[in-house]
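After this come two complexes, each holding chain A, first together with chain B and then together with chain C.
So, the complex of A and B:
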């Protein structure tokens, strides 16, 4: 029988002298002797050279070649980072991981799963300030995915959508702008700021197509067209589309956010007081119009 | 073929996740239905029943076992077994973590009062010792200079200096589990039912423990800080037998004492606290 490394290590330790203060040592390379500025090799000029601008600490700027056109100015620039600040990143999560989270009780399949729920597991670090606009679902574990969930992410390829819908689940791709995402990622910290819930902005031009596409289950797409695409996908991948109307979890599965909504059950413009356990909604007509509250 | 492998790995992972869940003390979103023995219901260990795990997975997840002994005279009663969670009691022997913890425990309280006066702090005259020129002697401004005997120290210690620093939470946590694991692996860990003893004389008590070869120094740990009267009075006289509540458990004390004796309540509390901190996802900035 193969034993693990831990077992081997502990059985080794068993036969060694008792662990005591005189047996301990730090990890290799952690403690280095200090370099002395004394003696034959550390002393005299103390690493500063002989005379000149260097010993006198009057250094020239980095890359300067005494007036000759420096190397870094001899060639034209390449647009390596053009549009870099506009690029959106979606953190990948595999279907396998989602299944594991559901199995270990970190995600509740009986409630809709969106960015907030995934971030609440505290297993993922999503930073909107680093151009991370949400999550994308990858296909690893698609073969053995069997959870029925209402999933809202930012991107999912076709076979992932098929894997989710095959089990009777719903998958939606939705866009969150940076301010809304900051609220969604850490709701507790956001509510403590005492700022009203923002209204979610529409996607930028290059993302509008994606989020209006029924094939990608975009949140701005026509629901009828989405239903059509669900059927087409089931035909393509060869599975029978489960009947949603017969499902006991039908209400939960069909629950969707308004395009301007950040949290389920909370409208934009609301304040949430965690201490008083109250939600304050705007009464002013102008505010209501701004936040598009009907 | 690929599907079979996936399904097999999936079932293994499901079972592994169930095992992991059973070792965790954490509020669950939904009920997990697993069969746990009556004996193991009180402990946090898992019995590696007929799960289809790889043998290395089995050995990692299998609980360790220890006899539940007694501090009273040995009798021929049947002994029970205490299951010990492997995450806490079979941690990889990280000697470097033990080193860090011991050094931290000794050093964070340390204040160095060493202070060498600088030349303007030396109480000597500022008078020029002799004229600049004409003496045939080296030129000097005052007798406080570092060159002079009795003068200042040029780059000496400028105390008082604190060596206070914080060790990261996980290093401290894993240091504790390493120490517990090493004590168990080296047969220096004993589990007792409770700290009740049947002798009043310190020498007699020492003889009882010596006969069992329970090391020169013993640390008794219980979940409470109100220890039983008899053992309190007896160990009060013996400097190398010490009583400690669970909240005082630390790496230094565990290494200082050759033998560690935990009560069943202490084991339960230690496991619960360690597993809670190892598995929580809402860790504040510690």
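So, the complex of A and C:
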């Protein structure tokens, strides 16, 4: 039971040409020309009123109440935003989501999965300028997780580490400072800037503890202690640690970035020329020492 | 009256080939020379994203619970197309409205082809039987979507998978 109005609308859609910029225009009165202060009605005070601080362009600051204690100064300060500019944000991704991406072919489990690979799926918006320092993995979907991956993220709780290691994978938590993260999130745009690959900075003092902790699989922790913790976790959650030495993907799983490296296969201080498909390194000794290129 | 076409000279070196891209500041002695590093270009190509969404690989089971579209029966008068990321186009929208009326939430099904009213009838009957309650719905023929009040995402997803969409 359709009304004639709907019929008319549908017939319009069928018969009218495709909407384009050359057959659209603003409604009448939408854009008015600016009215200049000239003539009998625009002149004399020109919209500035009579005498006073306004006409003399000596405006009072916003919030000023003529000397009375203004509203914004009547109450005591509260530390709601103390340290807000120093806080780091890690975007959450669930284990279920990672499994879904591997199943649908968006993430390749035969290559190490790091920030660059996760951002390359184009399903996550990571903006380093908004104090977003990377990704954290949440434990939703830990029971059904069934992929053997080499995962490098910025934070993962114990349950998630257990789920990944149970399947024979390896998880590492690594820190990226803002400059390195901007390069890692969009490598193509970074290479086009013609700037040398930055040296990844060490974490700030409040994060140093976390990234040196073998329990959190920090990238600065002692590898022997990490091996110990892997065994302890398997005992805690009641699974058998799979043998890595027998694995055909052993080389890929044990692959790790240097703490100063941003990209796999590229050292800091290098330039990448996308047009020539070549990589260049500086010759100067001082620069080599700075970038720790051997 | 002829209109003069004003051509702006781009000041940005990216758009103006006459300007140097990274202009040198200071004497050239302070700039280092560079040497080529032999690198497997495939490792660097891995850093770049794919230009299109890949087709999901065929597997026996998918641990995440993702189900590929099987193909519905030929009798079916409607079809629900998958999104560009190969997911079912069923979304729960929770709108908070800052008035006394409070918010409203609905489940939306997009990308409907064919007889949209038949799909709405089938889904509505299924949901009303499931909840034993009236379920308000909205059909938009032009944009090809259906909305049902409140959250029925999982129920509708399983129904669509059964149908083979």
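The definition used in the following text is that the second predicted complex is superposed on the first by the 227 of 294 C-alpha atoms of A that agree within 3 Å, B and C clash if a C-alpha of one lies under 4 Å from a C-alpha of the other, contacts with A are read in each partner's own complex, and residues count from 1 in each chain.
Going forward, a residue touches a chain if its C-beta (ideal position, glycine included) is under 8 Å from a C-beta of that chain, and two chains touch if they have at least 3 such contacts.
Nothing here was measured: the structure is a model prediction, and the numbers come from that model.
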Item to check | chain B versus chain C as contact partner of A:18, first or second or both or neither | outcome: first
Checklist entry - Just chain B (first), just chain C (second), both, or neither: which does A:27 touch? => result first
Next on the checklist: Quick check on the superposed pair: does A:263 touch chain B, chain C, both, or neither? Answer first, second, both or neither.
Outcome noted: second
Checklist entry - Now for A:106: first (chain B), second (chain C), both, or neither, which partner does it touch? => result both
Checklist entry - So, does A:194 touch the first partner chain B, the second partner chain C, both, or neither? => result second
Item to check | Which superposed partner A:283 touches (first chain B, second chain C, both, neither) | outcome: second
Checklist entry - Taking the superposition as given, does A:122 touch the first partner, chain B, the second, chain C, both, or neither? => result both
Checklist entry - Which partner does A:144 reach: the first (chain B), the second (chain C), both, or neither? => result both
Next on the checklist: Going by the contact definition given at the top, which residues of chain A touch chain B in one complex and chain C in the other?
Outcome noted: 10, 13, 99-100, 103-106, 121-123, 141, 144
Checklist outcome for this item: Given the complex, residues on chain A that touch chain C span 10, 13, 96, 99-100, 102-106, 111, 116, 119-123, 141, 144-147, 187-188, 194, 263-267, 270-272, 277-284, 287
Checklist entry - chain A touches which residues of chain C in the complex? => result 21-22, 32-37, 39-41, 43-44, 46-50, 53-57, 59, 62-66, 85-86, 142
Item to check | Residues of chain B that touch chain A when the two form their complex | outcome: 2-3, 6-7, 10, 13-14, 17, 20-21, 28-30, 32, 54-57, 59-60, 86, 90-93, 95-96, 98-100, 102-103, 179, 181-183, 185-188, 255-256, 258, 281-283
Checklist outcome for this item: chain A contacts chain B in the complex at 1-7, 9-11, 13-14, 16, 18-21, 23-27, 30, 99-100, 103-108, 110, 121-123, 141, 143-144
